[in-house]
Amino acid sequence: MVSDTTFDPHGVVPPLVTPLDEHGEVDRRSLERLLAFQLDAGVDGVFVGGSSGEIALLDTEQRRAVLEVTVGTVAGAVPVLAGAVDTGTRRVVEHARQAAALGADAVVVTAPFYVEPHPAEVVTHFRRVHAAVDVPVVAYDIPSAVRTRLTPDIVTELAESKAIVALKDSSGDLATFREVLRRTDLPALTGSEVLADTAMSLGAAGLVPGLGNVDPHGYVRLYRAARDGDFAAAKAEQDRLAALFRITTVADLRRIGFTAGALGSFKAALAWRGVIDHPATNAPLHPLDDAELSVIETILTEAGLGRVRDH
Amino acid sequence: MVSDTTFDPHGVVPPLVTPLDEHGEVDRRSLERLLAFQLDAGVDGVFVGGSSGEIALLDTEQRRAVLEVTVGTVAGAVPVLAGAVDTGTRRVVEHARQAAALGADAVVVTAPFYVEPHPAEVVTHFRRVHAAVDVPVVAYDIPSAVRTRLTPDIVTELAESKAIVALKDSSGDLATFREVLRRTDLPALTGSEVLADTAMSLGAAGLVPGLGNVDPHGYVRLYRAARDGDFAAAKAEQDRLAALFRITTVADLRRIGFTAGALGSFKAALAWRGVIDHPATNAPLHPLDDAELSVIETILTEAGLGRVRDH
Amino acid sequence: MVSDTTFDPHGVVPPLVTPLDEHGEVDRRSLERLLAFQLDAGVDGVFVGGSSGEIALLDTEQRRAVLEVTVGTVAGAVPVLAGAVDTGTRRVVEHARQAAALGADAVVVTAPFYVEPHPAEVVTHFRRVHAAVDVPVVAYDIPSAVRTRLTPDIVTELAESKAIVALKDSSGDLATFREVLRRTDLPALTGSEVLADTAMSLGAAGLVPGLGNVDPHGYVRLYRAARDGDFAAAKAEQDRLAALFRITTVADLRRIGFTAGALGSFKAALAWRGVIDHPATNAPLHPLDDAELSVIETILTEAGLGRVRDH
Amino acid sequence: MVSDTTFDPHGVVPPLVTPLDEHGEVDRRSLERLLAFQLDAGVDGVFVGGSSGEIALLDTEQRRAVLEVTVGTVAGAVPVLAGAVDTGTRRVVEHARQAAALGADAVVVTAPFYVEPHPAEVVTHFRRVHAAVDVPVVAYDIPSAVRTRLTPDIVTELAESKAIVALKDSSGDLATFREVLRRTDLPALTGSEVLADTAMSLGAAGLVPGLGNVDPHGYVRLYRAARDGDFAAAKAEQDRLAALFRITTVADLRRIGFTAGALGSFKAALAWRGVIDHPATNAPLHPLDDAELSVIETILTEAGLGRVRDH
């Protein structure tokens, strides 16, 4: 068990995609290569089973396979964070215990969803999960997926009671991110791909960018520059990465959904770079089409990215 | 296996609450009594693991216990529908297979959530679930929980391809309910507590009212009157039930959430009537307070309901 | 001044479109023909300056012209309702006084918008408007445009204090419509094009269907059949009108907005029928294209509608 | 006429509240004092008729009075921006022409609302307004009020065609604010009270903080520090102002609306400081109560603010 008081997430912790094979099962070889690619780039942790990891679409066996491969491949080199994302407290506890048993160093938990909770019930949710599991809990603010905000009041109360050890903020709302930093000493990581340097300048402990799947070297450079106070260099890297981030909006939303377009673009880019073998996403997401893939390749090339392994 | 072509849900099919004991586990004795109470009232089916059943808050063991008790107690007297409610296709398939293995006659499935699907991906979701399980699939339109609508176009396409055998409509939108009835011959059940007679007049096959937990006799009378064309009698019953439905809005939403207030009121009413032993809901929902319980008792009494068993 | 206590809106009261000429000004001749067409069909009132009348897009001179022509043409044959739609109380009072001065028999008022009011402030809004103007106030529940609901609690309080004389319900929510009918004796008119007969069966006083611009004869037949208890005839008419209502969804929403498509289809249909000369809508709405117009013509023909005047 | 090409808003441009007297009319003396207070603090412009100015609640005479007093009092010392906020193009043009006639140097215009426009129609809206008026147009992105976003694509297209001369961003979304700064050379002003220094570090041309009504000296110091590259000083000022900003959330939202609480707190603070005579807001907003006013006074005192004039 990792003690709550010593777990201190920081740096670049990419929310990894879940590579699939031609049968729709977890592609263990591709996941191993993705992990090696990330570690080689110098990431400070990995986060599996997040939104970018299609957590909402993975079944029990897929979640287990992802964690087994990840824990085994990482082998303690960096912390492994695992999403324990589900609608209610007892469901989350089940996921969290499973993740802990498989070797995760921390679990990442959202507000309840499907139901409509009161803020006091959101606090209860995190307290109960914390009390029931032996690994630290990272709070995950992602209103676009779960609708309910983790407000600064909620986060502050959870931080003070030690129910959570960190915040992953995917709200897009820097004002509340900053308020949390003002009111607590909780490590706060931003999920923003395009305001990473800004979040660092406000005191972020680290970055959890989905685009980090595709270009971990870029985010590691950005993080280290910002950490060392060189915000001009961080900004230059950020501008390049913001241009690269356009791959997530290439998909025609008249044909496939937003999630399919964004997560599909990460996988398509990784396949094109040779890191993973197949760009497939889980059902019911539909794939990108050839024209879209071609635009993504152009954006990758313009951002200076190339193949890291022959196909 | 129940053949898709012969499963024809109709009549009153209450979405049952999940009684809990003082330890938060499924209270099997109370569930048995609830089932007997419903069957005695003349319901035409039961639906477990729906929104009223706190499906979003039940863990694996609780879901299993609910289905075991239900299938065993009902013993074939009426069909047992089971919610297979989760965020993505493979997760839903897991739930649906488990429900089928435990004896459910059909599974009830929502649009994907947490993710943002395209309508075409919603269609894919239902097709895949249908192809993967051996029980009929009922589509569950509940945008308040999952945000995505099952539009008449989606429902029509799924009905024509036989991927679904019925619709449970909890959208509150009678215009689209009616359009589905115009465009398909799919059995459509309404989840509305207060427009049940109206839905019947538009051609609904049946009723799935959460309030049916508390007063199944009322909804059975309403259904039978409407089915037999006596809409004046149905309306009189509906008006009484609409007044009773106020129990769901007694809770102070400054203190607990909407879900806690609504589902808590069903359980509080059933406990007061002596059907179940404890009004407890799953974490993280907070309980109603004494003042609220007192108002609920007054409403129950005004609606002509009393204790069915001594405490 | 029309006394509050005697104004009793009922029957078919179409929310008229605002015909424009080739310069974008109110086309008085076309409006006169539209009014004659409606009166000839037997409508029980007309509503100008509603959502279908592009009230949000009309300037002061256009609003004045519409009311002048309408009051002059109708000449007391039926009541003239005028929208006094604006963001705040004093703005609404200005519109309402202007409408009263121009001869409107009642004004139709929404909840405040742009701002975020508390329900108690919504009540204050209507009370203040009522106190400041000499014509009766009809409450207009249209959350799709203003976001704030006129809940049954709000409507009941306003009805009891005589601040409003009627409700026009464009919420799409028959459950709350019915609750208002249960709790008050306020005349309630539905804005639904496709649940008109249902609303009548629940006790609606009348209909305010945008589609009534195109086919007033149909809605007059529907209303009279329902009023006289012949719901089978009302339903047959409703089914035909529901098919006709598809004209509002012909527009490609990748190209123009929802409002442009819906209001544009009413005007296109009226132009095709020969009632108005031009289908133009106000800026910034974009026009339907030829392919869309062609589909609309097909739908009109299928619904049995033809030209009422040579082009 | 101010030529589009020379109008270049920058610096601190507070969106002024509209002081009212005991009869609810514009309190010209208080407004003069507010303007003097702002000019004395060193603001670079003033913005009347914005959201903070209760534009949605002002009638024609109030809008006229505000502009007359403002243009007269400012007397060319700094530019006067005037909101031309309304639902549709022609309505906005009316307001804009009136503002120009009264001496405004620029008008501030939102996306259309009440209607649901397509992005292409939003572009048309601004182009038409620009073509119809003789003063420069500033685009105002405020989705919380109008729902429709001014996306970077829209803003870029309008900037390139010279239809707008600046952006006022009240979206709370720094990612898109930054994208606009990357893609255009349009002056962009942030409406954020709590990320003003951050916006400056990203390249903002200036600040339009509602809280600037209460503490213009603070925002002037913040702006000048950031402009001169002293971000540590800017941050210290920002932290103080963020604490002060809590006055906007003191109101009990169970009793009055969000708008009433926020705008009411600005006016209460200005009245307490002795700048304006009455804290009254326009109907239908309800006032703060004594307990809330007391909390606001404590926050003001803690932020180092005092009376600037004896009561």
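We just call them A, B, C and D in the order they show up, numbering each chain from 1.
The rule is simple: a contact is a pair of C-beta atoms (placed from the backbone, for glycine too) under 8 Å apart; a residue touches a chain by one contact, two chains touch by 3 or more.
Only a predicted model underlies this, so the values are computations on that prediction, with no experimental measurement involved.
Residue numbering shows that chain A and chain D use the same positions for more than half of their mutual interface. Taking each chain's centre as the average of its CA atoms, chain A and chain D sit 37 Å apart.
Centre to centre, using the average C-alpha position, chain A and chain C are separated by 49 Å. Contact of a single residue of chain D with at least two other chains is seen at no position. Taken as a contact graph, the chains are arranged in a single closed ring, with each chain touching exactly two others. Touching pairs of chains, sorted by label, consist of A-B, A-D, B-C, C-D. Those residues of chain B that touch chain C in the complex are listed here as 172-175, 178-179, 182, 192, 194-195, 198, 201-202, 239, 242. By the touch criterion stated above, chain B contacts chain A in their complex at residues 51, 54-60, 62, 85, 87-91, 93-94, 112-118, 120-122, 124-125, 128, 144-147, 253, 255-260, 282-286.
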